[in-house]
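In order of appearance the chains are A, B, C and D, and numbering begins at 1 in each one.
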């Protein structure tokens, strides 16, 4: 396997995966405008490198909700790692732990959260899809995640209806292969369409003592409401372009969200992060951390745990390289002035 | 027939129709700049999804000039449905009635308005091309439309001269195949070039008690004049890029028209509407309803009445999907803040 | 010959002409950025059509320096029409007279000005390349042009050095075929490199009583100087992208020139005019007339005098069409408000 | 060899060089966004030609740090000319001297500075990579450069870590072929990663009496610091897109640097300069001189010393041509008003 950067895994996975399953990972909704725009938004930005700064020591480490991580790049929750590799999310979790980065396991994982928790010896969160309008099934799932050792809950709030991804439809994906390990009693190809409202955030706040991040916030208005509802973190995301097509690129709304939050919660971003330069761009615009989704799946498909390790190694090396050339030896040195 | 969205019908129709007749439907005037720009204008916009709104019930229904419709998406008047299918406009009208959407029958229909009126058991308007400078022929046509049951007149005002579409010329379209059913006594391939002026609007206002929409308004100046002349609705349209090439995209002038109208008339738009996201974009910018033209013709060519039903079903499903993800459970929830 | 618009002649000429001679007509300097940008600048503009205006009579006629022309579109001076057709400029002049448009004959014509003057029974100007720093040779040339019946002199001011067009160089054009008919005593493939200054304008002003247009003005500063030097008209041109590559597109500087002139001289434009919509765009931005260059050469190559007649007919028809749809029945109706 | 402009040498060199070695010259870092943007930034600018200026005498000469040069275009320091031609930098230096332009020899030259100095009978600088954190090895290298006759030191400040160029990695470049002639005792494929800080500038200032230019400044902030540290010149550069990908294009930051410097140092630029029009664009925006990198290597690969001479001749001819048509007979005539 020859990958020089995270983008390379896409072509490699496209060559080795079943086409319909690859389409399941790769596709976006509608015309895939938002899918493409997520990456394009980074390409529209430019960096302002400072020179003659002492960069003899580069420190990429930071904290996310107080927890130490080797770099401000985590693994976004994505469903069904089992399509990529038999070890599924356990392989991903082991690679994340090896790299010292945060892994966020999806409700829709192929493997149950208990197995993932055992594999995840590093920072580990649980992404929650509410199952029954904040009833006992959801509470049970939270208890399982807590018991498995996760240190925060990332509640997905942008899935009022399941995504309609035409690439999958055209590829005639057999959805019976999608087997969520957290629900062994029955097939469940997609999270149930549950209408969440801000009242459910209050319920979640009461139901767990873990920190809560809301994943899928795309406006200043919702960011302010999230802060008012006492969440610990706001995760800017358009679900990787898989939900509302023509939603803004994540990066393009980051600043309005950061401004609205005013430091009262941490702000993360996913969508289009492929390069070390993307990471510093998002951090310069106010993100505390970013998350990578598809490239991890592709790397897992290409090489299992070793593939994910390679992806994370490449990202860590690129981030160090970029921070050296940007003149920002530590994460806290990265500022708004470094990006145009 | 496999269509996952309205765009798909274009390729399908291109494969099954006579090339010259397809060119007649598909072409625009000049370099087709406006034709392309109509769709591109939507692609330049971005949506701002709100989350944690109660979208357990989505209601796409609205009223157009007081008449209930299942969604704010109607079928624009287009000529010669008989090229697409033997049932012509009657098939289209039946599909529209089935979907509960407004159908606007063209003066240049293959089938006479009386036949269409019988098929149109749902909301049904008549698009008027003036025949003889607001003389007895035009009045007779209006009376026929009224008798056929149409509930409003959409007067086309952007056809001072017939469109010059080079794609048709290159395809060597045999215009003798264009047979307008409303004028059985003689061939009439195109509407007669009649110069209309604002005085004719007064004549029309006197001549019928039906509500009047002016179709083809593209400036704030003309929108204000239309309001002064007491029309009920203003229909932003560049005739699908078939008249003045390099005219602005419909969407790009919508806001100036809405601002000029100031709520004194309803405002509609056609041109480039292909996706549920397009509909909410136009509504967010102030349109009361939008109209779809070519995709309906293509769907009719692909599958007759069932084809049009499928197209309308796909649009309705997409609109529900987009409204769910945008956090706007009813049409009146869609606001300027939802679009960038 | 099947041409539906002026652009079509380019492909037709490319198919029938000697490739090197076609390259001589078609090429621009440098990377041909300005060549392409001339057309692109029109494509970036949009028109604002007004409706319900009485356009039953369209009048495209206007005056240029007081002389009546059938439309505000003239034939720009271009060299060596003999490469396109044996009749050369005489054919072009006859077609222009037939169409009632202004023909500007180049100093570098294949045929001598006397012959062209005989053929030019309509409006006819002479484009002047100074030969010997405003000495007797230049004066003699002016006298010949006056005697031949030209009604104005268009002095080219953007040829301080001959254009360097790499497309010609790559096509290995044999420049010995370029035979300027005005100078039968010797071969002269290109106008002599003569440095003109504003003092030479004063000389020209004294030397002829004909009106003078300066062709090649691209800035407000030079437009003001031209007015101060008493010229009658300012011709915005970058020599069709054949002189300074990366010069602004003609259309993009039109407004600054018009503003600087403040009505004290007529303003013309060439460069990229291909469509009726281009004509009204330039007029809306303040040009009194526009000139077409290469398409005339291509039409001449395709069909001689008849080819040029067809080109002018197509342009006239398009202009009438556009004026009808723009709601501007006469040239004086076209205003700044019609273009975005 | 048929080259009509500097760009042509790239294709010619691509055809005659070893692919991996060509990749070493041609590649940029990351996605090569900055590599492409350097040229694109010039293409986004437009020139404002002035006419009727006396351009009978064009003088392209200027001074760089007081030293007379035939034109404000020098040869940027690039490594390993020996890959292009056996004579390496000596051929380049001879061609530069022949053209009267400044040659800046790289620390990483194939030939030792002593040899280059003998060949460089014209203006000649030395580009310095610090070897041992401003210790005796670096001082020794400076002494050698001084003894070899260089008249200034250009210190590269944007190489805190070696560039990561994936095109090279994919081409499987054998880096053992990279043999820096200044360090015959051992292989050294890349400059050592040395962290420089502003304190090192003070050291350099003390260590040599030669004028100092800092190469790799990309921000107003660093330009101001450079002036405070007493350097003589600031060289805007992103290392030809070979270091930090997604750094701004050089041209896009030129103005902010020029404004920050406020005339207290000379400002140069490299990155994307290919045309005479590029040169006047950079000068209009405040650069005193520009430098050309890759095209010189390609010309050297194509024709050795004669190739470089041809490249410099083409550039000089283009610059004269552009200055004639821009209406700027001398370098000091080029002003901010000549560029948009």
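In the analysis below, a residue touches a chain if its C-beta (ideal position, glycine included) is under 8 Å from a C-beta of that chain, and two chains touch if they have at least 3 such contacts.
The structure presented is a predicted model; accordingly, all values stated were derived computationally and were not measured.
Engineer: If every step must land on a chain the current one touches, say how few steps get you from chain A to chain C.
Structural biologist: 2
Engineer: When the Cα trace of chain A is superposed on that of chain D, what is the rotation angle, expressed as a multiple of 5 degrees?
Structural biologist: Rotation angle between the two copies comes out at 90 degrees.
Engineer: Quick check on chain A against chain B: do more than half of the interface residue numbers occur in both copies, making it same, or fewer, making it different?
Structural biologist: On the two sides of the chain B and chain A interface, the residue numbers are mostly different, under half being shared.
Engineer: When the centre of a chain is set as the mean of its C-alpha atoms, what distance in Å lies between chain B and chain C?
Structural biologist: 42
Engineer: Which residues of chain A are in contact with two or more other chains?
Structural biologist: Correct list: empty.
Engineer: Based on the touch definition given at the start, go ahead and assign the chain network to line, ring, star, complete or other.
Structural biologist: Contact map by chain: ring.
Engineer: Okay, what are all the chain pairs that touch?
Structural biologist: A-B, A-D, B-C, C-D
Engineer: Of all residues in chain A, which touch chain B in the complex?
Structural biologist: 30-31, 33, 37, 157-158, 160-161, 164, 166, 169-170, 195-198, 200-201, 214, 216-219, 221-222, 225, 238, 243-249, 252-253
Engineer: Within their complex, state which residues of chain D touch chain C.
Structural biologist: 4-5, 7, 42-43, 45-56, 275, 277, 281, 318, 321-322, 324-327, 337, 340
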